[in-house]
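For reference, chains read A, B, C and D in written order, and residue numbers begin at 1 within each chain.
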Amino acid sequence: MKARVSLDIMLKQGILDPQGTTVERNLPSLGFEGVSGVRIGKHIEVEVEAPSREEVAARVEEMARRFLSNPVIEDFTYRIENGSA
Amino acid sequence: MKARVSLDIMLKQGILDPQGTTVERNLPSLGFEGVSGVRIGKHIEVEVEAPSREEVAARVEEMARRFLSNPVIEDFTYRIENGSA
Amino acid sequence: MTASLDLAESLGLTADEHERIVATLGREPTKAEIAMYAAMWSEHCSYKSSKIYLKTLPTEGPRVVMGPGENAGVVDIGDGLVAVFKIESHNHPSLVEPVQGAATGVGGIVRDIVSTGARPIAILDPLRFGALDEWRNRWLLGGVVAGISQYGNSIGIPTVGGEVQFDPCYRGNPLVNVLCLGIGRADRVIRARAERVGAVALLFGNKTGRDGIGGVSVLASRPFDSEAEAKRPSVQVGDPFAEKIAIEACLELAERGLLIGLQDLGGAGLCCATSETASRAALGMEVDLDQVPLREDDMEPFEILTSESQERMLAIVAPEDVAEAVAVCARWGVTAVAVGKVTEGDLVVNRRGEVVARAPARSLADEGPTYHRPARRPEWLDELRARDPLALPAPDDLGAALLDLLASPNICSKRWVFEQYDSLVQHGTLAGPGGDAAVLRVPGTGRALALSTDGNARYCLLDPRLGAAHAVAEAARNVACSGARPVSVTNCLNFGNPEDPGVMWQFAEAVAGMGEACRALATPVTGGNVSFYNQTEGENIHPTPVIGMLGVIEDASRALGIAWGAGRAVALLGETRAELGGSEWAWATHGFAGGAPPSLDLEAESRLVDLLASLAERELIESAHDCSQGGLGVTLAECAIASGIGAILDPATD
Amino acid sequence: MARYDGRVKIGVVQFPGSNDERDAVWAIERLGGSAELLWHGDRDLRGADAVILPGGFSYGDYLRCGAIARFAPVMAEVEEFARSGGPVLGICNGFQVLCEAGLLPGALARNGGLKFICRPQPIRVENPSTVFTRRTARGRVLTIPIKHGEGRYITDRATLATMEARGQVVFRYCTPSGEVSAAGNPNGSLDGIAGVCNEAGNVLGMMPHPEHAVDPAVGAGSADGALVLGSLIESLAGARA
């Protein structure tokens, strides 16, 4: 089957996110109130060809851990959007 | 209420995504087969304080259109994760 | 065994060091005190294994304004100006996360220069990696260069030189050394001293988080929610924008004369900056951790004190100037908070109304242990030295051999690397990357400064003393080839595990050789850095002392490059001998590393350097190029490539 | 506003994170104009005859290059000045700020090769009749250094067509011999575009750095940048003569 998967790769909690902090600090001066906790990371969309949904998940996890993210400073989450037989 | 919102900002279809293509080209050499259509953009998480869920959505959309994305070359989608009253 | 001894030992303090702490304090140390001593008495901060050798180096000279022991070396360059420069290493963080490890290496050395009140005008990056046929080393190279590019370009300081070398010994331990040069006013050099009782300690820059707490984190009394977080290595994410606004704020504070003292928060963070500035003025400091802006609210005192969050500075300001200083910082978008006051007594640290640490600043900053580690020449060296490079088969086709050498990783063009660096900002770069030395205009004068970084680890493997002397001599020749007179040296000493007697022997010999050469060439050492424990799965790297040499060109219009002009005569200065020991040809062609390094006549080197500078000053030569790695053939080829003009050479004529 | 020495005065905006603002001031003064830094937080152009938005990494280039800088208080004045016909030159980061502010069409995205590039770059003059290019000629090749990581110009086909028709494409990347081709294009920009102006021609954005090609002793060893900055100074002096 061919599944569209989307991953979000964010810096781990407690690790400085310079982009997030700088954007957050400047939002009020741009006229946007009541916004906090800004964190910015990567969104990756891929199509994965694999025998089963479990296979798709396994391949995505391995790819995320070994290549798409750096486990030392980043965490990742993923969603398998649709699976066509 | 205070809601956690996550946005995904991607280059519009048809606009070259060099990061995505480079990652896609390198995946086979690292042993990952059957992966295609790699596209890489930004994932942004924010907390929005607003009277209602509709208000949260309106504020997020305005912020995304005017600041968080560049409408000339980017599209955005967003999800309101949880809303605490 | 008292609880505090267990904790102390788990942080690398020995039993007798713990005993000395108990004697100094007259009681058991608190958890925060143990963390402070462990950080301040670490190899990185106290130089405990290297101190006895480093103090043999020549550090005096007519131009030296500030030598080792301060934030950076300061040298007089005339016109009421000083050059401030230093080199540091960020090897271990770069192995774990290459982009951020290298980026924060740039950030740290730049803050050392800025803390003397000087504006940084140049960065050089000597880098060393394992062999390129391994994917991991290509990943490390790409990451380190990207980190230096992103950070250095963003803070607006041109990266104008350095080197990239490859050797299998660096496979699990890349060397990321970064040199920074700044220009300041001679009458306004800022020292890292908390000079005046009652002065206020102002912390400014980024918030403090749990970055880089590494080993000390074992002290944490809260449970770690994940195994990864428990052993999170000392990785910090750099924020070049926060650095840029902190630099501009610092320079404006200095210009307005608001600074009594200034120090970067680097290794051992706030604990180091407070204890060192107080100790240098033989005073104490009262610190209130409640004032420190935190990134995470549940941080314990020991974490706040030893955090190595980036882009933070400690300024010592007179009470009446604090308001203006805070306003200057705010104008640049930098938060500045008073966290302490200079006192007569000890360094006293308060947290939520309670004294969590009290110790004499001097004992933390200046009374660290001094080790006399055993040093012994390793036996494997004799076999290596016994090999005869002259027995290697000579190439039958010299042209092909030269082309192979020019294409080898250590000699080939590094344009792929330095084109990722902004080498133009500040409109002062007379000679950028790719030549013998970087040459930079001194703003507002007719002078220029030349800078070169050099180090040949293979020579040092074969003979650490001679190899280190060669590094100084080659750096001097490089700046002389640009028309400059060598003035002073900074050094980055990258070595293996000091607990291995062979490594300590290499270190002792290298420092001795460096000292000899610096004396012979009259280039005193104004500071530097020692990095031990560089090894891969227990295998030590080759001894790699890297020398940063500063030279002065009185008339910038007389600066030289390596490109020659058409129709010019080409002369070789100095003697050529049949010496192929440790040569790049033998290594690149036959994978051979053996024999003895080439001989070195320091007196002749000194005369050669003077001759080159005088020829340039009298405009008797138009270009010059140092003959080093790869030999004469490579040197001539590089001149031709740089100018696009060939040459007909007949070595037979004398 | 009395002009104390009659020299043309150019305001150079300084954002937090700008790097080439002092280089621009130095280059303008070396060419006989006078230049003054304009603080991003002040809504005041201090009577400048023209405004330069300099190169650098305003706000660290976080989120997008120029995304935050374009909201700076000074930008309200710059937009008004531009709309009233005042000359505005955006160099590198400045070009990105002008696009984000909607003063110029299109956007600057990450280089095709994903790497920051710093080297001398041949560019071809496509429109010699703006206040920034009057000292050049159509088709002339200038060598001006580029140093950027996000310089790939993008716009949609329809906008490009109208821009071409109105001569809004001012510079294109090319080979040393002046050929606009893939070989001469360092970052994958659409049709090799290196610089564009607005419809009225008084606002120019260019990725190459003319201020780093005024003194041939430094940087890229070329003085072609003096033709661009010199054109601006000359136009202003002429306008007031």
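A few comments on the model shown:
The rule is short, and it goes like this: a contact is a pair of C-beta atoms (placed from the backbone, for glycine too) under 8 Å apart; a residue touches a chain by one contact, two chains touch by 3 or more.
Predicted model only: the values in this text are computed from it and were never measured.
The pair with more inter-chain C-beta contacts, choosing from C-D and B-D, is C-D.
Note: centroid distance chain C to chain D, computed from Cα atoms, is 37 Å.
Each chain gets a centre from the mean of its Cα atoms; for chain B and chain D, those two points are 31 Å apart.
Here the spacing of chain B and chain C, counted between their Cα centres, is 40 Å.
Here the spacing of chain A and chain B, counted between their Cα centres, is 9 Å. The set of chain B residues touching two or more other chains comprises 42, 67. Annotation for chain C: residues touching 2 or more other chains are 239-242, 333. Touching two or more other chains at once are residues 59-60, 62-63, 71 of chain D. Chain pairs that touch one another are A-B, A-C, A-D, B-D, C-D. Contacts from chain B toward chain A in the complex involve residues 4, 6, 8-10, 20, 23, 26-27, 30, 32-50, 59, 62-63, 66-67. The touching residues of chain A, counted against chain D in their complex, run 18-19, 22-23, 26, 29-30, 40. By the touch rule above, chain C contacts chain A in their complex via residues 96-97, 100, 206, 209-211, 228-229, 232-233, 235-242, 295-296, 309-310, 333. Note for the complex: chain D touches chain C at residues 16-20, 22-23, 26-27, 41, 55-57, 59-62, 115-119, 145, 147, 149, 209, 211-212, 215, 217-220. On the side of chain D, the complex with chain B involves touching residues 63-64, 67, 71, 99-100, 106-107, 109-114, 152, 154-155, 188.
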